[in-house]
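A quick write-up on the structure given underneath.
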Amino acid sequence: MTALFADHTLRVVALGAGLLGAVSGALGSFAMLRRQSLLGDAISHAALPGIAVAFMLTRSKAPVVLMLGAALAGWLATLAVMTIVTRSRIKYDGALGIVLSVFFGLGLVLLTLLQKRPDASQAGLDRYLFGQAAALLVDDVRAMAIIGAGALAVLAVLWKEFKLISVDADFGAAIGLPVRLLDTALTSLLVIAIVIGLQTVGVVLMSAMVVAPAAAARQWTNRLGPMVALAAGFGVVAGVGGAVLSSIVARLPTGPTIVLALSGLVLVSLLIAPARGLAWRALRRGQHRRTVEADAVLLDLYALALQHEEDLEHGHDEAVLRAMRGGQINVRRSLEKLAQAGLARRTGHGRWALSAAGRARALEQIDHAGEHA
Amino acid sequence: MIFGAANLFSGPAGSAALRGWRAAVGVAVAVTVGCSGDEVGPTERLPAVATTTIVADLVREIGGPDVSVVSLMGPGIDPHLFKPSEGDIARMSRAAIVFYSGLHLEGKMTEVFERMRQLGRPTVPLAECVPVDKRLTAAGFSGVYDPHVWFDVGLWKHAASCVSEALSEHDPRHADAYRERGRRYLERLDALEAAVRRRIEQVPAQRRVLVTAHDAFAYFGRAYGIEVRGLLGVSTAAEAGAADVQELADFITERRIPAMFVESSVPERYVQALREAVESRGWQVSIGGTLFSDALGDPQTPAGSYIGTVRHNVETIVAALSEPSGAGHER
Amino acid sequence: MSRGLGDRARSWAIEVEDLTVAYTDKPVLWDVDVSIPRGTRMAIVGPNGAGKSTLVKSILGLIRPVAGTVRILSRPLDEMIGQVAYVPQRSQIDWDFPTSVLDMVVTGTYRRVGWLRRPGAREKEQASDALEKVGIAALGRRPIGQLSGGQQQRMLLARALVQQADIYLLDEPLQGVDAPTEHALIGVLGMLRDEGKTVVVVHHDLQTVEEYFDRVLLLNVRNIADGPVREVFHDENLRRTYGGRVGLVSRPQRRGSPGIDAVKG
Amino acid sequence: MSPQIEVQLIAVVVAVAAALPGTFLVLRRLALVSDAISHAILPGIVVAFFLVESLSSPVLLIAAAMTGLLTVVLIELLGQTRLLKEDASIALVFPALFSVGVLLISRYAGGVHLDVDAVLLGELAFAPFDRLVVAGHDLGAKALWSMTAILLLNVVLISVLYKELKLATLDREQAAVLGFAPATVHYLLMGCVSITAVGAFQAVGSILVVALMIAPPAAAYLLSDRLSVVLILGGVLGAASGVGGYWLARGIDGSIAGSMAVVAGLVFLGALLFAPQRGLAAQLHRRARQRWSFAERMLLVHLLHHERTPSAAEETAGHTVHRHLRWSERFTAEVIRRAEAGELLRREAGLLQLTERGRQIAQRALLELDERDGLGELGGRDRRRRAGRTIPGGAVEE
């Protein structure tokens, strides 16, 4: 492992992706909980006119200049979205859709105007939106570390306020918090994180980095603190893991590998996270179903016993029991379950009868049903 | 109804638009009346459209004063990322003949040109003038070819012949002139090719390696015996992996390659990342300069023409690679 | 400060004057005047869309009115923002948010804790006490998403309790809760009154108004009537609040303070 | 037909075709599904390319549309777990699918000019030159035909399923209870969205589709409460954005698709600012006006209440009335001045007297208070919920 990380490229890429994962995992948790999952997608489209204008004004393709342009446009887009949502009946998703497509359209128009200039230096301007994770530079990582640490520090300082406006904004306002200001601050942090990621690792990876770690982390815990920590952790794991994988296997692009690692984390979390996981849910449902089925067979057996004056020695054919349920349920499995619980017993080949405990249980159930009727 | 909508724009601010509108109607009439080049009057120049600056340059050279060439893509425009504007409709409508690169370089536009050809409008794909057996196929997909044929000057001669043939056919009145200019241009290309070979030979054989960000120089490499290594594929959607960067960095270090090159249409960061990786391996590689890959340079500069661009690229490459041991050296 | 003003400060918890709120051309609240004496339990009743929640939010300063003023403990609302304990409607909260019941209750102390500081052991203790008072002390560690409707409502009341305010505003706290919860909540409200707090509740169940409250505001965009329950909570006023068109009624509309009403009554 | 006119025709058809399903996307809070589809179709195109080894085969298009539908299905499946919010599902699905596409290209087809741009994204400026040719006859621009077909498909589907779509949009559970199979309706609608998106990508380019699907219907939604009106108005505004965008592009010689998106944005901005009821200007104006008109009406009602009552002299005296209304003297003077100017009241012996007009207005104001009519059709979800709790005509809720 240490040999692996001795390589400069892997070290830079893994460090950068890990940092980005940590920051966007933490900030993304808030975004996801506040239904802003698609903000990353929107900002990355909205950055295009910012990049075009920054280039028009400075005639420079320096990353800092373009990043500032992108950040400004992204921030304006976010404000536009917030304005539309608070001042009209258009919901968040609609506002995002409008703002992202209109900003991008504006960017397109600006690019066509730029294309007309007899100036070869504007080439590939829009490729700045598609940064590549494998081409991270030491300076990028340094910038990410500084800005990321700043963003996390703000998050830590305003933690309880951010938490309150996310779960119950009106109550926040009622106790006197400046909700709009806090809202803008939290969203701005996210914009910063997204824009850094944008030109280094690209649009799609950034969209995934914001949502996926949070979505995975949410399944494992019901507390905000652990969730944010876990999301940051997932972000790091996927970032570093994807980087390592893409440096072991040739022609495995780093960004998509990280996205797929994140998606895998989400999938696994959805399936097996304790309490919420789908696998557990299915297991519980199956258990419940088996219990209900066994109870039904138990009652059937009791009904048959009644026909024989509650003679518990008299065995009944499994086929009869199956016929009573019209093949709807697995009678054999239910009988075996009852036998295991000592409620029924096998009296002969394919014949079954209730035990004394089974009879008591059946009576109990009938009483219970009577109470509810 | 559409006309009604158009008239809405005839207010004070819309008068320019209205003028444009009238011009457009005029053009439309002209197009329906005189669609093919045969009907161009004796004193008029044949209106031609070219997609990339490279194609436009070739058509200008051979068409000379008899053809007016409009290039859809300006200097520096990566054909993969070209965005047409409204004026391109009129430019296309006006054209008696369209020259494009083809082999899917222009993406969806290629299909449009093919369909136009089926309807009898002359559209000429220059890269497809290169015989199939001389084309490079893309990574195992038969029938899908690398479109960047122009950096093999020998192959570009096929394109030049194609242009003079096509012009002669569609504008027979100037056929002699086109053939004559074509012949002379071919001579210039011959001279260019000889010069390129001479210059390349000055680079020590083991250093004849061209490292760039993307795979546009495969034909160039094959023609002049230069090994070409790129970080990205042709597709703008493709992405490099960390292993690709490491591999290329190892290669540069092992071969003691002194310089890498930046392309005008690809952000520099890819090459910079590579340089950092190489540096960490104890070798210093310089960035040898900017190469023009899919588009020519600024019109006023020497790199504004195809021949000038090839010279620029070759001089840049030779200068950087043959530097004794100044830029690239072990630390 | 004059003595008269001091008396007033002692007597009124909330004074709403000429409050008019409109989202569109139709007012939601129109010229509402109501004064709520300190230490009383007051119900706000009225049909749907009568502006009950809007009135509550206006008193909290969450909504900017077109006209009118609100005074809390005889001071302008602007100075008093955050000093009224608030139980919002349950639907306002994102119940899927990952946080525990105790943490949620602790948010009630945030104003006291202030900026830059974290709530500590003392705040947690206060929150636990509040949960005890509403009868769900055992649920402190449970995620809010796993609460039943009644438990959610108890938690929200507990959060208001830790605000340690003099005035409590509750928006439909008894809506859709089970009988034991209703009983527990009413018990807490009684306790608050015994402590001299003022409690204002948006209420929907007319059957229980007389049992639970000592004052009532009948609201339907306008203040139809307000005052002690036994004086204003009668069929005529209810008909005017809920029933068909009010039109021009023979009795002059009650204006001014409920104190005057009481004298008139 | 000149290509310029054809471009505008295509723009109009695309805009209307996009606005119809877009209306439901906006109302169902699925607006960004359209953007998600535009990214997520990449792997479909790549796999289809591997099968046919051609960049211009129609199989690629079909695969793109299928992948679009797959995207919707995956989003829906994730949503059904109820472990994630809808927007998170969208934001998880499309990067994953897109990454699969990029990975496949990078590993197996890096040398091929294979990406969404090159394979799928058409360009409006070239649409007139891409002709439909049958047996040597030029039948017009291909995009015009394909988008007209898609428009018809959308019109037919939406008119046949109008009732079901409306119900499923307003109240999905209710629709299920009434046996309207909201899931089927949802997938039919989403199939439409996917086909429209891919068809429009091919004709005009990607981001424009998102703009045309979302912005015009959203603008229409600000202007009307009726679903049918929103649908039609969305189409009209979309068409206007199309034509307007073309002329903007013409004026500045810029990207037509981009200009259309910009104009669609401006149209939305216009609606946001100037919608008669909900616009920001209307809101501001209303606040300013309400201040005076509410005050005026309040004064009139106050006077009405005290007409011919014993306390009239005290309550309606011009110089004391402000105390009863708890207004400042200056404010009261201004309200009285305005009411006098409007001939709503007059001064008689220092007392304020209602004119006949003033009395009518006061009476109407009182009546209006009782007619707080419900929310519009599209706010029906709330109204129904509330209606369930009110016993009509009774004084008791629940």
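Letters A, B, C and D mark the chains as written, and numbering starts fresh at 1 in each.
Just so we're on the same page, a contact is a pair of C-beta atoms (placed from the backbone, for glycine too) under 8 Å apart; a residue touches a chain by one contact, two chains touch by 3 or more.
Just so it is clear, the structure is predicted and the values come from calculations on it, not from any experiment.
Asker: With contacts counted as defined, which of the two, A-B or A-C, has more C-beta pairs across the interface?
Answerer: A-B
Asker: I'd like the Å distance between the centres of chain A and chain B, where a centre is the mean of that chain's Cα atoms.
Answerer: The answer is 45 Å.
Asker: What whole-number Å value describes the gap between the mean CA coordinates of chain A and chain C?
Answerer: Averaging C-alpha atoms per chain gives centres 38 Å apart.
Asker: Just how far, in Å, is the C-alpha centre of chain C from the one of chain B?
Answerer: Here chain B and chain C have centroids separated by 74 Å.
Asker: If you average the CA atoms of chain A and of chain D, how many Å lie between those two points?
Answerer: Those two chain centres are 28 Å apart.
Asker: Mark out which residues of chain B touch at least two other chains, giving numbers and ranges.
Answerer: Those would be 81, 83-85, 236, 238-241.
Asker: For chain A, which residues are shared contacts with two or more other chains?
Answerer: 108, 111-112, 116, 218, 251-253, 255-257
Asker: Could you run through all the chain pairs that touch each other?
Answerer: A-B, A-C, A-D, B-D, C-D
Asker: State the interface residues of chain A toward chain D in the complex, per the touch definition above.
Answerer: 32, 35-38, 40-42, 45, 84, 87-94, 96-98, 100-102, 104-109, 111-113, 116, 204-205, 207-208, 210-212, 214-215, 218-219, 251-253, 255-257, 259-260, 263, 266, 270, 276, 278
Asker: Of all residues in chain C, which touch chain D in the complex?
Answerer: Touch residues, chain C against chain D: 17-18, 20, 22, 24-27, 30-31, 33, 47-49, 66-67, 96, 204-207, 220-222, 238-239, 241-248, 252-253, 255.
Asker: Which chain B residues qualify as touching chain A in the complex?
Answerer: Contact set of chain B toward chain A: 73-78, 81-85, 231, 236, 238-247, 249, 264-270, 272-274, 276-277, 279-281, 292, 295-300.
Asker: Where on chain C does chain A make contact in their complex?
Answerer: That would be residues 57, 60-62, 81-82, 84, 86, 88, 92-94, 97-100, 103-104, 107-108, 110-111, 113, 115-116, 118-119, 143, 145-146, 159, 163 of chain C.
Asker: List the residues on chain A that touch chain C in their complex, please.
Answerer: Against chain C, the touching part of chain A is residues 33, 157, 159-161, 163-164, 166-168, 170-171, 173-177, 218, 221-224, 227.
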